[in-house]
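Structures follow.
What follows is a pair of complexes built around chain A, which joins chain B in one and chain C in the other.
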Partner chain A sequence: MRGRSKLRAKASRFAAYGAFVAETVGGPLATSTAALSALTFLLVLAFPPAGGPVSGLPVLLYLTSVGYSVVALAGASAMVSDLKGPAQVFLSQPISRTAYALAWLSALLTSALATFSAFLLSFAVIDPILLRAVDPILAAAWLLDAAILALALLAAAVLARRASVLVALWAAMTFGSAFLLALPSEHLRRAVAVARPLYSALSGWGAAGGPPLAESALLAAALALLLYWLARARLEV
Partner chain B sequence: MIAFEGVVKRFGAAEALRGATFTVPKGVVAGLLGPNGAGKTTTIKIAAGLLRRDGGRVSVLGLDPWEQGEELRERVGVLHERPAYPPDVPVKVLLRHVARIRGLGWEDALQAAKLAGVERYLEHPVSALSRGYLQRLGLAIALLGEPELLLLDEPTANLDPSARREVLAAIKTLGEEMGATIVISSHIIPEMEQVCNYAVIISGGVVLAQGSLTDLATAFGAEVEFVARSREPRRLASLLVSEEGVRGVEVEGDRVVARAASSARQQLEALLEKARLEGLALGWELRSRSLGEVYERAVQASR
Partner chain C sequence: MLRLVGYALLTAACVALLAMLLALSSNGVSTFSTTVYGVSSRALALRGQSLLALLELPTPGSPGPSAVEGFTSALDVRVSGAPKVAIQLFLPPPSPANLTRPLPQYSPKYVLVENLSMRGLTCYVYEGRTYRSRVEPLLGMLAGDWESYDLLERVLGLSLSEVKAAVDPAGSYVLTLRLGNDTAVLCALEFDASMAEAVFDNGTRVPFAEFLALARSARVKPGLPPYAPYALNVEVRAYALFRPTPVQVARALALLAAGAVLVALDALLTGSPPFLFLYKLRRILRRRGT
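And now, the complex of A and B:
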C-alpha cells in the first residue's frame, strides 16, 4: 500500500514538473512543431501527384525529419540553459534527477509524435487516399529516427552541458550521416543505417531487408538507458 | 540532523572539500562560516543532494542525500545563493508549480509567499523582481511545506542594508516559530551572530571548528556574556563585578548583563546558579557576542 502511494506521489511530482516544462519551456517547442506542421502541409501541396504522391514522399519525409531535428536541437539546448540555472530550483524539490530528464525527453518525444501526426494529417486533409502511400516501415523508421536523435541530444546535454556540443552532434547526425551513407565502407554504412533508420530507408540502403529497425530500436533503448544512467549518476547542479 | 564525515568533493583538479567533518544537531540555527571559496556552497549542495561527494559519508535527517534525495527533499527547503528562475514566468505560476511538486495546494504556496513577504508580487513576472524580492521568492520556495530543515546559502547576498535586516529578521522568526533546524552559509560574521546559536567554521574545504557559540567562545578563549534577570539587579551586578575575569557589568531594567573572559565561565555559572537558588536571580542564560573573535582565532590556529 505504502509502495503504491509512494509511486503515486512520484507520478504526481513528475506530472507537476512535466506540466511546468510544457507550460514554459515547452511553449517554443509547441510553436516550432506547429510551424513545422504548417510547412509540411504546404510541402504536401507543392509535391502534387505527378504519377502519384510517392515521388515527392521521400523528400517530404526527409524535410520533416530535418525540421524536427531543429526542434529537438532547440529543446536540448533549452535543457542546457535550464541546467545552468533554473534546474537548481526544481531539483531542490522532491523530484528525482531521472524524473527531471524524463520530463524533457517526454517534451521532445511528444513534439516528434505531434510533427509526424501533423504530417499524416496534411495527407488526410488533401486526400485520405494519400495516406496509403506512407509505408508503415517508413513511418516506424521516421519515429525511431526522431527518438534516437532526441535521446542522443539529451544525453549529450546532460554530459557536456554545452550548446556548441549539441550543435556539432546535430550537424553530424543530420548532415554527416547522409554523407557517410554514400561511402563504400560497409561497416560505417551499417552503423549509420542503425543510427539514422530514416536515412537508410530513404537511400534504399539494405533495400532487400529494409532499414535495420530492430537494431535501431535496440540503439534507442540503449540510449534511453544511457540517459537514465547519466541523469542518476552525473546530473549535478 | 546533519553529519558530514571526511567528505571530499573535487571539481576537476580543484578540491572544494578536503575531508570535511562536522555535525549540526536538531533544532539549532547554525552558521556555516568561511571566506569566499571555503566550500560553503558545495557543503550546502551536497547536503541537499544536488552534488555528489567523491569521498566520505553524509547523512541528513538519517538519509543519504545523493541516493535518497527525493525522499530527503520532501523534508528540506533550500535557498540558493543566486537562484535562477525562468524569467518570463509569473511568481504565482512558479510558486504554484513548486507547491504541486511538493504535493501542496495554492493555499500553502500563498502562506509561504506571505511569510517571505512576496505576496504583493504574485502577478509579476520573475524578471521584474529586484534582487531583494528574488531572494524573498527563494525564501518562499524554501519554506513551502514547512520543512524540518532549511538550508540557506548566503541569504543576504547582494541585498541592501534594510533588505538584509528584513531577511535576517524573517529567518530568526522562522527559526523560533517553525522550530526548524536552519543552516545558513555566510561570510558576514556580525549578521550570523544575530541569528545563529551554533557555528561551523570552514576554510579551504576543511572544517576548523564547530559547536554552540558559547562553547566555541570558551574553547577559543573569547569573551562570553551572562544575561540574568533579578528583582534586585544592582545587588546582583555588584556581586558579579567583584568576580575575577568579569570585564564589565551593565544593568538594563531588571536585566543584568555581564561580559567575562571565557576562563571565568565555570565560576560565574556557579555563582549565578547559587544566586538563582537563593532567589537573587530569577534566571540566567549564557550567550556569546564574540563570533568574530572566535572566527579569527580558528583561522589563525589553522595556519
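And now, the complex of A and C:
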C-alpha cells in the first residue's frame, strides 16, 4: 500500500516536472509548427492539382525535419540552462536523475511526434487523399531520424553542458550530413545513412534496399543507453 | 506530454483556418499558374460565310480523378491577331475513274487563305470521357469533310457548357473557363470569310468562294495541317484556384477541438496550467521592449 502511494507520488512529481519541460519546449514547438503548417499550405497550393503536392513532398519532409531539429536544439539548449540552475532543486530530491533526463527526452520525442502529426494532419485537413502520398518507410525514416537527433543532442547536453557544442552538433547533423552523403567514401556514406535515415531516403542513397532503418533503430537504442548512463554518471545530486 | 501534441495540433488548425479565411475573403486563392503551349487545330469547318477553326486546348493542371478537394482549374484564353489559315489539299483517292491517268507523286500542297477577319471565339467544355469516346471520332470525320454542317453541330452539341469570349479594348477576344474534374476544351474560332482570298504557290489570288467552287469541282478535299492558324496569337494561362469547402473547414475545426481536448486533458492530469509558454514569451517581449 505504502509502496503504491510512493510510486504515485513519484509519478505525480514526474508529471509536474514533465509539464514544466513541455511548457519550455512548447514555445519553439508552436512557432515551428505554425511556420511549417503555413509552408505546407503554401506548397500544396503552389502545385497543380493533377500532380498534387506529391512532387513537393520530399521538400516538405526535409523542411519539417529541419523545423523539428530547431525545436530539438531549443529543447536541448533549455536543458543546458536548466542544468546550470533550477535542475539542482529538482535533482536534490523530488525526481531521480534518470527521471530528469527521461522528462527531457520524452518532451523532445513527443515534439517529434507532434511535428510529424501536425504535418500529416495539415495534409488531411486539405484532403485525406493526400496522405496516400506519404510512404510508410519515409515516415518511419523521418521519426527515427528525429529520435536520433534528439538523443544525440541530449547526450551532448549532459556531457558538454555548453550551448555552443549543441549548435555545432546540430549544424553538423542538419547541414553537414547532406554534404557527406555526396562524398565518394562508401563507409562514410553508410555511417551518415544510418545516423540520418531521412536524408538517405530523400537523397535516394541505397535506393535498392531503402534507408537502413534497422541499423538506425539500433543506433537510437545505443544512444538511449548512452544517455541513461550519462544521466546516472554525470548529473549531480 | 500530451499538451505538446495538443499545442502542435492547435497551431496547425489555426494556420489552416487562417489560410482558409484568407482564401474565402478573396473569393479563392490562385498560387499555381502556367502558360499553356501546344494549342492545336483539330478541324476546319464551313458555316455559311464563316470559317471555323476548332482548336483543342491542352489543360495542364486540370484535375484528374484524384483531384484535390477545394481546387478547381481555370483557363484564361486570349486570342488576337490577323490570322492566315494554311489549307492542305488532298488529292482525290484512287478510284476506277482516275486510275486511267497516272497519279502525281504525293506531296502535300498548301493554299494560304488570307484576309480573314475574326468574328468571335466560343469555347466548349466537355466531359473528358465523352470527349475521348464521342467527340474525337467526330472531329476526325470533320477534318476530312469541312462542309459537313451536321457533324459540326453534333460536335458542338455534345458539350457540357459553352462560353463566348468578350472583346477587350485592345481588340483581343478573351474568356475565362472554369474546369471541373476530367474535362476537355475545344474552342471554335470564327472567321468572316466573305472578303478572304486563297493564295496559291505561284502567287495567284482568287476569292475564297471561287477557291471553294474550284476545289469542289476538282474533288480535292481541303484539310488542315496539325497546327493552329498562324499569324494568330493564342495565349492560354492555366491556374489552380483554391476555395475551401465546408468539409475542409469542419476538418480544421475538428483538429482545433482535438488539440484543445489534449491540452485540457494534460492540464487535468498533471495539474499544471496550460499555455505557460505564452506568458514566458510575453515576458521576453516586454523585456526586449523596455
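Quick notes on this one:
To be clear about the criterion, the second predicted complex is superposed on the first by the 195 of 237 C-alpha atoms of A that agree within 3 Å, B and C clash if a C-alpha of one lies under 4 Å from a C-alpha of the other, contacts with A are read in each partner's own complex, and residues count from 1 in each chain.
The definition used in the following text is that contacts are C-beta pairs under 8 Å (C-beta built on N, C-alpha and C of every residue); 3 or more make two chains touch, one makes a residue touch a chain.
Please read all numbers here as calculations on a predicted model, not as lab measurements.
In the superposition on chain A, contact of A:Ala30 is made with chain C only, not with chain B. Within the superposed three-chain model, A:Lys84 lies in touch with chain B and out of touch with chain C [touch as defined at top]. Note on chain A: of its two partners chain C and chain B, the one contacting more of its residues is C. Contacts of A:Ala114 after superposition: chain C is touched, whereas chain B is not reached.
Of the two partner chains placed around the shared chain by superposition, neither chain B nor chain C is touched by A:Leu7. Within the superposed three-chain model, A:Pro94 lies in touch with chain B and out of touch with chain C [touch as defined at top]. Contacts of A:Ala16 after superposition on the shared chain: both chain B and chain C are touched.
In the superposed pair of complexes, A:Ala182 makes contact with neither chain B nor chain C. Applying the stated contact rule after C-alpha superposition, one finds that A:Leu131 touches neither chain B nor chain C. Touch criterion not met for A:Ala222: it reaches neither chain B nor chain C.
In the superposition on chain A, chain A positions 12, 16, 19-20, 23-25 are in contact with chain B in one complex as well as with chain C in the other. The touching residues of chain B, when paired with chain A in their complex, are 45, 48, 50-52, 69-71, 73-74, 78, 80, 83-86, 88-89, 93, 97-98, 100-103, 138, 141.
The touching residues of chain C, when paired with chain A in their complex, are 1, 3-5, 7-16, 19, 29, 31-32, 34, 60-64, 66-71, 73, 238, 240, 242, 248, 251-252, 255, 266, 269-272, 275-278, 280-281. Those residues of chain A that touch chain B in the shared complex are 9-10, 12-13, 16-17, 19-20, 23-25, 82, 84-86, 88-97, 99, 233, 236-237.
Interface residues of chain A, counted against chain C in their complex, comprise 12, 15-16, 18-20, 22-27, 29-30, 33-34, 37-38, 41-42, 44-50, 52, 106-107, 110-111, 113-115, 117-119, 121-122, 124-127, 129-130.
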